[in-house]
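First chain A sits with chain B, and in the next complex the same chain sits with chain C.
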Partner chain A sequence: MNLRFLSIIGVFWSKSILAEIEYRVNLIVEIFSVIGNLSGSILILSLFYSNGNNLGGWTWNASLTVLGVYTLLEGFTTCILQPNLSRIVSHIQQGTLDFILLKPFNSQLWVSFRIFSPWGLPSVVSGIILISIGIHSSNEVLSFNSFLICFLMLISSILILYSLWFVIASTSIWFVRVWNANEVLRSTLVAGRYPLSAYPDSLRRFFTFIIPIGFLTTVPAQAAMNSVSIGVILASCAFALLLLWISNRFWLFALRFYTSASS
Partner chain B sequence: MAIVRVERLSKSYLISEKQPGLAGSLKHLFARTNTSVRAVDNISFEIEAGEIVGFIGSNGAGKTTTLKMLCGLIHPTSGSISVSGYKPIHRKTAFLKNITLVMGQKQQLIWDLPALDSLHVNASVYGISDTDRDERIEELSAMLDLKDELNRPVRKLSLGERMKCELLASLIHRPSILFLDEPTLGLDINAQIRVREFLREYNKKYRSTVILTSHYMGDIKSLCKRIILINNGRIFYDGLLATLTKTYSSSSFISIELTKAVNPVLFKEFGEIIECDELLVRLLVPRSSLKETLFKLLNQMPIKDLEVNDPPTEQIIAKLLRSVSL
Partner chain C sequence: MGRILPSSVNSIKRYFYIFRSLFISQYALMIEYRAEIVLWALSGILPLIMLTIWKEADISKEFGFNHKWLSSYFISAFIVRQFTAVWVMVIFEKDNIEGKLSPYLLQPINPFWRYYISHIAEQFIRIPFVFIMLLLLFVLEPSFFWSPSLIRIILAIIAIFSAFTLRFLIHWFFSMLCFWTDRASSIERLLMIPYLFLSGLVAPLEAFPPVIRFVALSTPFPYILSFPSKILSGQDVNIINGYLVMFIWMLIFLLLGRVAWKFGLRKYSGMGA
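Then we have the complex of A and B:
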């Protein structure tokens, strides 16, 4: 990542924000949607804890932090992943990927970061507020080291989510329409709004090894609550980097089969 | 020296065949039958720097596939391509900065924003400074006769205005090799003429190499000295457009103006009737019998004026394409 890349991304995002604010009503819709979703999630969470239960040892505040991480990730998804990765399918279907491939700029970065949609920002802000409330109410003191680890785990979870989604979107080079697969992935991620231990054993294994939702929300929240082991930190980072590398190799491999939409 | 060199180039696609109806769809879902289609079949040619070459052929002849292999979008099945000394499929930065692809049926401009915003995006991707960018936009928009259109959202532009903005966006980095795939598709006659004039001017000013596909003979005739005719993925003519007319035209084209209307059926014995509109008749007559036919026409028909020419290029090419398809 260098200065040229950042300046190009700056131009990309400023132009896409200009294009997005042509549709101002979206902001109001998004704010209402975030308020509705969060209220629902907090209500369900409070029902779990209403009879003195806890979610597999997780306190109310810790669960609130997991929900905060999930909301933050959801916001990031709406800002960057959703608008870009869901468009890969139409780039391939309509043949506009041709223009991207012929630009002197990394095509994976282009299709992944060309658009920034500001409508996910209410979720990002709400996520940060929830995490802060969770940490503050549990009387945990977030040291600089814990903050760094928490941030690192968040970056890892973003990379894991991005890589999985990108690989699925790339398969549209062969299958053209993979919207359903993208939707399945996004819907499954909803499971990440509660701590992993809230789920039965079989599902927990599924969310750890098949679709690694545990790494996405539970691990960063554990880091924020100072309860994550060094082994998990290293595993999370290594897993994220491995998936990112696979996503890049997979994209280059898929492009060998790109036939471009006929004219 | 050749800037584009193509040797024994071929491209095959696997196409899955599907029968109509529910039964066909179910069969297609569980057991697909794939057929290999040879879109480009063992073609070779060279193009010199500064040349404008027209690629002509029917739909599905292999023109666009060839163009896409030349700019590095799709992998050839076999054969070799060299463009400016680069192997296109590697898509090296220096190669990409030297070429452009314009497609009449696809657009790269940002739909909701003024075209100027898309130009700024492209300029930053190509690493063009703000001063150079503004200078180039001013120069190219003057050549394309674009003024306030650049400040209007792309979705509000007419097709012709949009195409001109597309050309500007594709040429802001001053490429020396232009791949144009039907750049005047759907444009009205005035917009077509403006685009052709612009391309001619750009080619002259920057000595750029242009490879053009078009179904409009107007584009070909006004821009290309040399044409490559392609059918079923194979080249069957590569040479000057003027030579094609001389070599392949075994007929002459007679335009007749009559003093009074005549039953069109009566002209059948003189040759193939191309057009018959009351006092105006156009015939295609074999060269071998031209003298006799003219003599007969002058004696038997109420002729006011008569002109003999080579047949229109469209006629020759259409006839050639028909003959090689058989």
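Then we have the complex of A and C:
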């Protein structure tokens, strides 16, 4: 089953890359946009660190790692979440969701991973570079164990991000114009550019449990800095699995209300 | 609406009728999208996120930003941003590719006005939602409240409207690229970057190192956000100077836009029509 799934996704993605390569100029625009956004973000971050100050008790390198994780997640959003989940709305409006539901393939996976847009890759690459710079210059020796933990935390933050986007996107079965709600989510996630402790107490709780920005960017960065406790690791994994389960349940629940327009 | 004006009616009155009917029809169109407009308004919360960070940051004291200064500045920036939203590049690209521009070209009025007035209509719909959001904010955090003087409010409204017009003219100029390339809206992503970092949206310009502040001030971006925000928040700002620079930038982009329109239109192929 897993192998079959992977081979189908492989075909999907190679097709969608071929289609996107038609617009090569986009690559230049994306690279410029990533360079511009990163230099802007680093400039703003450096303001908080001038004259020996810091942001929420975090070192410069640790904050840089947070920014790296944020950039990586942005890239993931552009590669997969944005192109796939923005299409759910039109599948529902035009009734083409019928065809997806009829296929002998998990419909949630189909609507979530059908397309791969290569334009997020510059972000992914620069995110990884930024994380590496952060780890390297903090003189932190990353043992194999902590590398694994860091990787695990990144996976669970990607799963959390995916589930949030997916749940909001699947509400379009009831409200067709819900796409903008994902823009609201995206604009709130901008808060993940900075470590959680840079926020006041009341917001910190909000950013941990309601919009889990803490788990999205701060925890993976802490893991990279070797300063994450076992409790937080378990909490992050549990939270990711819970949200993933909710997203699946929610999709199946929402499908019951799908009325198959225009068919 | 629907009334044909004889050509003998003098031109000012004529324009008044044209703009009034354009506004009424665009308002009716936009009110259909009120749910989206609420969500757009909600997605403009970046200045409020930055406010909480700046309030907590130790560096604020060194720059002499006290809490009152920061909250009035960033909340003003939030308000200014709400009423200077521009998305003409996306719509223009769509209308250009789908050939929807063709019928607009037949009308005896430059399509510029249709887009411009539809943006203004959207702002009118936004007003109550922005007020509700501000009310909520002040109820949750009464210490954020400040009351600018009446003269400041009037000056700020004029400045916000001019800032919106300037931003619209910049975007209109770059929209003209649609005549030459298919995916001009990706230019909008690039235009967003200097707006985000140099306009004063995420950090007050006072916090920048002198060189970067100089660079920022020699672009139009601070006049789109920082200048009106400072008027509204009641801070020291050279009002005459600011209006003058804003006016010069408006003139520059107005001329650029007219030239680009003239040459671009020759490239228009009426695709899909």
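Note that the second predicted complex is superposed on the first by the 261 of 263 C-alpha atoms of A that agree within 3 Å, B and C clash if a C-alpha of one lies under 4 Å from a C-alpha of the other, contacts with A are read in each partner's own complex, and residues count from 1 in each chain.
In this section, a contact is a pair of C-beta atoms (placed from the backbone, for glycine too) under 8 Å apart; a residue touches a chain by one contact, two chains touch by 3 or more.
Keep in mind that what you see is a predicted model, and the values were worked out from it rather than measured.
Asker: Judging by the criteria at the top, classify the pair chain B and chain C on chain A as clash or fit.
Answerer: These partners fit in the superposed model.
Asker: Going by the contact rule stated at the top, is it chain B or chain C that touches a larger number of residues on chain A?
Answerer: Of the two chains, more chain A residues are contacted by C.
Asker: Tell me which partner A:Tyr194 touches in the superposition: chain B (first), chain C (second), both or neither.
Answerer: A:Tyr194: touches chain C, not chain B.
Asker: Should A:Asn26 be classified as contacting the first partner (chain B), the second (chain C), both, or neither?
Answerer: Touch partner of A:Asn26: chain C, not chain B.
Asker: Which partner does A:Leu47 contact after superposing on A: first (chain B), second (chain C), both, neither?
Answerer: After superposition on chain A, A:Leu47 lies in contact with chain C alone.
Asker: Between chain B and chain C, what minimal C-alpha to C-alpha distance in angstrom results from the superposition?
Answerer: 8
Asker: Can you list the residues of chain A that meet both chain B and chain C?
Answerer: none
Asker: Within their complex, state which residues of chain C touch chain A.
Answerer: Residues of chain C touching chain A: 33, 35-36, 39-40, 42-46, 49, 52-53, 55-59, 62, 181-183, 186-187, 189-190, 193-194, 196-197, 202-203, 207-208, 212.
Asker: Going by the contact rule set out above, which residues of chain A touch chain B in the complex?
Answerer: On the chain A side, the touching residues are 4, 7-8, 11-12, 15, 18-19, 22, 94-96, 98-99, 101-105, 256, 258-260, 262-263.
Asker: Residue numbers of chain A touching chain C in their complex, please.
Answerer: 23, 25-26, 29, 32-33, 36-37, 40, 43-44, 47-51, 53-56, 175, 177, 180-181, 183-184, 186-188, 190-191, 194, 198-200, 203
Asker: Which residues of chain B touch chain A once you look at their complex with the stated criterion?
Answerer: 13, 64, 68, 71-75, 91, 93, 96-97, 99-101, 103, 105-108, 110-113, 117-118, 120-122, 124-127, 181-182
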